[in-house]
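Labels run A, B, C and D following the written order; every chain starts at residue 1.
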Amino acid sequence: MRTFRLVIACPDRVGIVAKVSHFLASHNGWIHEASHHSDAQSGWFFMRHEIRADSLPFGLEAFREAFAPIADAFSMVWHISDSAVQKRVVLMASRESHCLADLLHRWHSDELDCDIACVISNHDDLRGMVEWHGIPYYHVPVDANDKQPAFAEVSRLVAQHQADVVVLARYMQILPPQLCQAYAQKVINIHHSFLPSFVGAKPYHQAALRGVKLIGATCHYVTEELDAGPIIEQDVVRINHSDTTEDMVRLGRDVEKMVLARGLRYHLEDRVLVHGNKTVVFA
Amino acid sequence: MRTFRLVIACPDRVGIVAKVSHFLASHNGWIHEASHHSDAQSGWFFMRHEIRADSLPFGLEAFREAFAPIADAFSMVWHISDSAVQKRVVLMASRESHCLADLLHRWHSDELDCDIACVISNHDDLRGMVEWHGIPYYHVPVDANDKQPAFAEVSRLVAQHQADVVVLARYMQILPPQLCQAYAQKVINIHHSFLPSFVGAKPYHQAALRGVKLIGATCHYVTEELDAGPIIEQDVVRINHSDTTEDMVRLGRDVEKMVLARGLRYHLEDRVLVHGNKTVVFA
Amino acid sequence: MRTFRLVIACPDRVGIVAKVSHFLASHNGWIHEASHHSDAQSGWFFMRHEIRADSLPFGLEAFREAFAPIADAFSMVWHISDSAVQKRVVLMASRESHCLADLLHRWHSDELDCDIACVISNHDDLRGMVEWHGIPYYHVPVDANDKQPAFAEVSRLVAQHQADVVVLARYMQILPPQLCQAYAQKVINIHHSFLPSFVGAKPYHQAALRGVKLIGATCHYVTEELDAGPIIEQDVVRINHSDTTEDMVRLGRDVEKMVLARGLRYHLEDRVLVHGNKTVVFA
Amino acid sequence: MRTFRLVIACPDRVGIVAKVSHFLASHNGWIHEASHHSDAQSGWFFMRHEIRADSLPFGLEAFREAFAPIADAFSMVWHISDSAVQKRVVLMASRESHCLADLLHRWHSDELDCDIACVISNHDDLRGMVEWHGIPYYHVPVDANDKQPAFAEVSRLVAQHQADVVVLARYMQILPPQLCQAYAQKVINIHHSFLPSFVGAKPYHQAALRGVKLIGATCHYVTEELDAGPIIEQDVVRINHSDTTEDMVRLGRDVEKMVLARGLRYHLEDRVLVHGNKTVVFA
């Protein structure tokens, strides 16, 4: 079913829902799904509606125009999207294939509703797998002593492919600040720990040293501060003393790919609203 | 914060949310929490609002009167409740104390917002624990050859204490049909299996025989058919070959009490809507 | 590290561990991993050792010969395997690709230590994916009115490929009794429900009708009775009222593939001991 | 069933299991449960046996004497305990009752096999609940400006009651170093976060600020460094944007008490072996 997704954040006050739902009803809009969140601490209100596209008399542009006065009156930060228009995704990976293979399979089997524009990797290892799916593969090696040229090329490719979202599917390189800024809230990373524990390199080794009994993964938006952006989704898996660091790496892979797939799905369906350094996820 | 909880189920169509939210906004009602569910299969719409009581110019009675025309127009099954009016709960138990002790502690420490009217048990074992909490305890033995007198007494006590909810906290007796009918959707049971597996007696023994790798518990409304009423909440815990039936009983106790406490909480907060043999739980 | 896996089941009595460990120590065998289970109900004892192959002065054949007298004395059901000898796996699938793709990727990325001999399917849909991995694909259509020829061909292929294990990765066909018998404890199925709930066809639809709050998957050995064989592994995922049957199918896929991958891994590593209709899994 | 629990840690080498199991078998010892762990990183071996007491011809003292030469030969750190001799537990609490009430109920209903010697609290709030259980309650107020006298009194009480274990059931005070040292690996704390995240005060507030999607609890041995001792057990619970800090506190309580109860149970059954800053838990 084709829907329009109307996503709104604004200062909380009486009458927001009434105004929005009256607007929708007055245009005969059939609400397929509605979610609300009133955040007492920040005093903000968050709202997401899925409206059946065929119940409305107009398209996105006309909707935007008609809705703008309400949005202004309530100082809304808002957007509306069409479920029939797939977001363009650029995937970035390194050598480890589990997250990439997982996303590709979900896409290939029509579970993940998006347009995968290309895959960019600092290694050439995963080319075959990607190209079998009919997706362009760009090998952009990163010179440890001078990363700038590589990231210039990455930026160029991301722009050329008109990415709506960039997914770091275990890319293992830290994006430069200007890329983080240019694609704020559009770069999704999977970190292989339960953040804020074990920021940075080799989180499973850190976890092994600390002797934790659960390991986890965190899907978050990338910001300039490493592994500190707004968290979209997390999960954990139980380990015990008999699990070596290698076992953790293996067990962790399953959590990583599940958490990334869920987080990306939420993003693609416009279910994630960022406010400050936190997210509202209308899952 | 004192809220009014407006809970609505009705055939789905355009304009329900608009009408209800306009009604609320026109009376300056501040929506603290709102949940919606549109069930495509049944064609029904479900809705729950928590409105700050102090934002409205009237109380429950006046609200009911003012809202009635809307409810009629949309053929709503609905009710509104006041968070400041505690539901009266009658707890029923047998010999096993874990669910009862758990609920009593949650109530005693102000986590569970209700008025525990009394405890009824077919054994006298738990009297001390209950009376320490200042709650009346009724010992109503059940004669296996003639259960009628006991259930007549149970019915009398439940009526006398004006129960809004009856909780079978491992009561281990099957309520007679007339009691189930008289308190439809008001009797909550905890069954010590992941229903629909292992209906009836000794579910952990059934689970041990089948060799399952997870055991569970199910909180549901009681209907005339044993262990078949609408499910409110379920959960499971992992076991393995080294767990004996006794271990399962021990591990299961923790799941039972957690699931029952969650299910009861949802009910007390008017978060559970029953439709047919299924529930909508606005958790 | 190459290990020998010594797996033993026998009636329980004093001295088994002493005898076995003395045997190992007398040959300088370095125990890498040891697991024991004493089942009080059946009076049986179960045991699994992984011994570093390079610590022993002999290979499997000589080990078997030297150990036989102990095995006889304790009436052991036992076997020993070499971690360096990969089990031959025949995968069977239908149209749904998630379990197959998951297993192929784990194998391709060296996570699953086995030799995938071939894939047999009653449809031709997944040929490309399989052949990209360099694995033979056999399309054996099943005529609903006369299944015998298809299963004769399946039996022939399984025998020809000298399968140690047959994995039904959502094969969706019921194997005939003679195949179940011929490969007893060697055919692993993934059923898309938390057995014993929802045996047979369309378990997610059954789950939706019953209104459960968790859905699951079960990995088990295939026996002649449908969905009733010894359970190796199970898991569940939470759902709620807003999840349609289609959502359940999607959410269930992730549980299915994880549960099947774990179950198969246990089997490949000789961690599963079947006794009656139950399993001991030294995970 | 009465058992002797033989717990051993020693440098790994060939023949340990053989020697120990031969010793047991030579005295007709019936092994009820056996667990082994070989830690490749440290080169240490860990082992726990439960032996049926009535299968052995001697008691603990004679066992110790007979076993000492083996222990010496393998440089074992070891102890043996009698399941019939309950450990003496001193519980410490503050104002929050959930962990204390949970442990008291498990003890009262014979689930937790120990002797609760007394409860020490810096507040008097929980006296009634404790005394109803027939357990002495000591109110030892802590002067924020001079904590020394309080901790001297605590030390005196712990010594007087001959505590084998001290459990900080949300005690909310930091024990002085000398107490930590005097009762090394005998003081168990429950911290209300998934360590190492959110060390110190108000972890739920820290979690709310960071916007995590799961909150947790950690049961660990107390060392001089705050919240940094060897972890025994951890678990988490899912939260989302709609959960306020108060909701987290409520949801967290259930995780805290479950994790503490599990951790304490492992300790009481001699299932926890500490090596460096990590634990081996033969659960």
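Basically, contacts are C-beta pairs under 8 Å (C-beta built on N, C-alpha and C of every residue); 3 or more make two chains touch, one makes a residue touch a chain.
The chain list, named the UniProt way, goes like this: A, B, C, D = Formyltetrahydrofolate deformylase.
All of these numbers come straight from a predicted model, not from anything done at the bench.
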Give the chain pair, either A-C or A-D, that is connected by more C-beta contacts. A-D
Of all other chains, the one whose Cα centre sits farthest from chain D: A
Between chain A and chain D, tell me the centre distance in angstrom, where each centre is the average of that chain's C-alpha atoms. 41
Using mean CA coordinates as chain centres, what's the gap between chain A and chain C in Å? 36
Got the chain B residues that touch at least 2 other chains? 33, 242
Quick check on the complex: what are the chain C residues that touch chain B? 37, 39-41, 46, 194-198, 210-214, 216, 230-236, 240-242, 244, 277-281, 283
Provide the residue numbers of chain A that touch chain B in the complex, in ascending order. 14-15, 17-19, 21-22, 24-26, 28-36, 38, 55
In the complex with chain B, residue positions of chain D that touch it: 33, 97-98, 101-102, 105, 108-109, 111, 128, 132, 242, 250, 253-254, 258
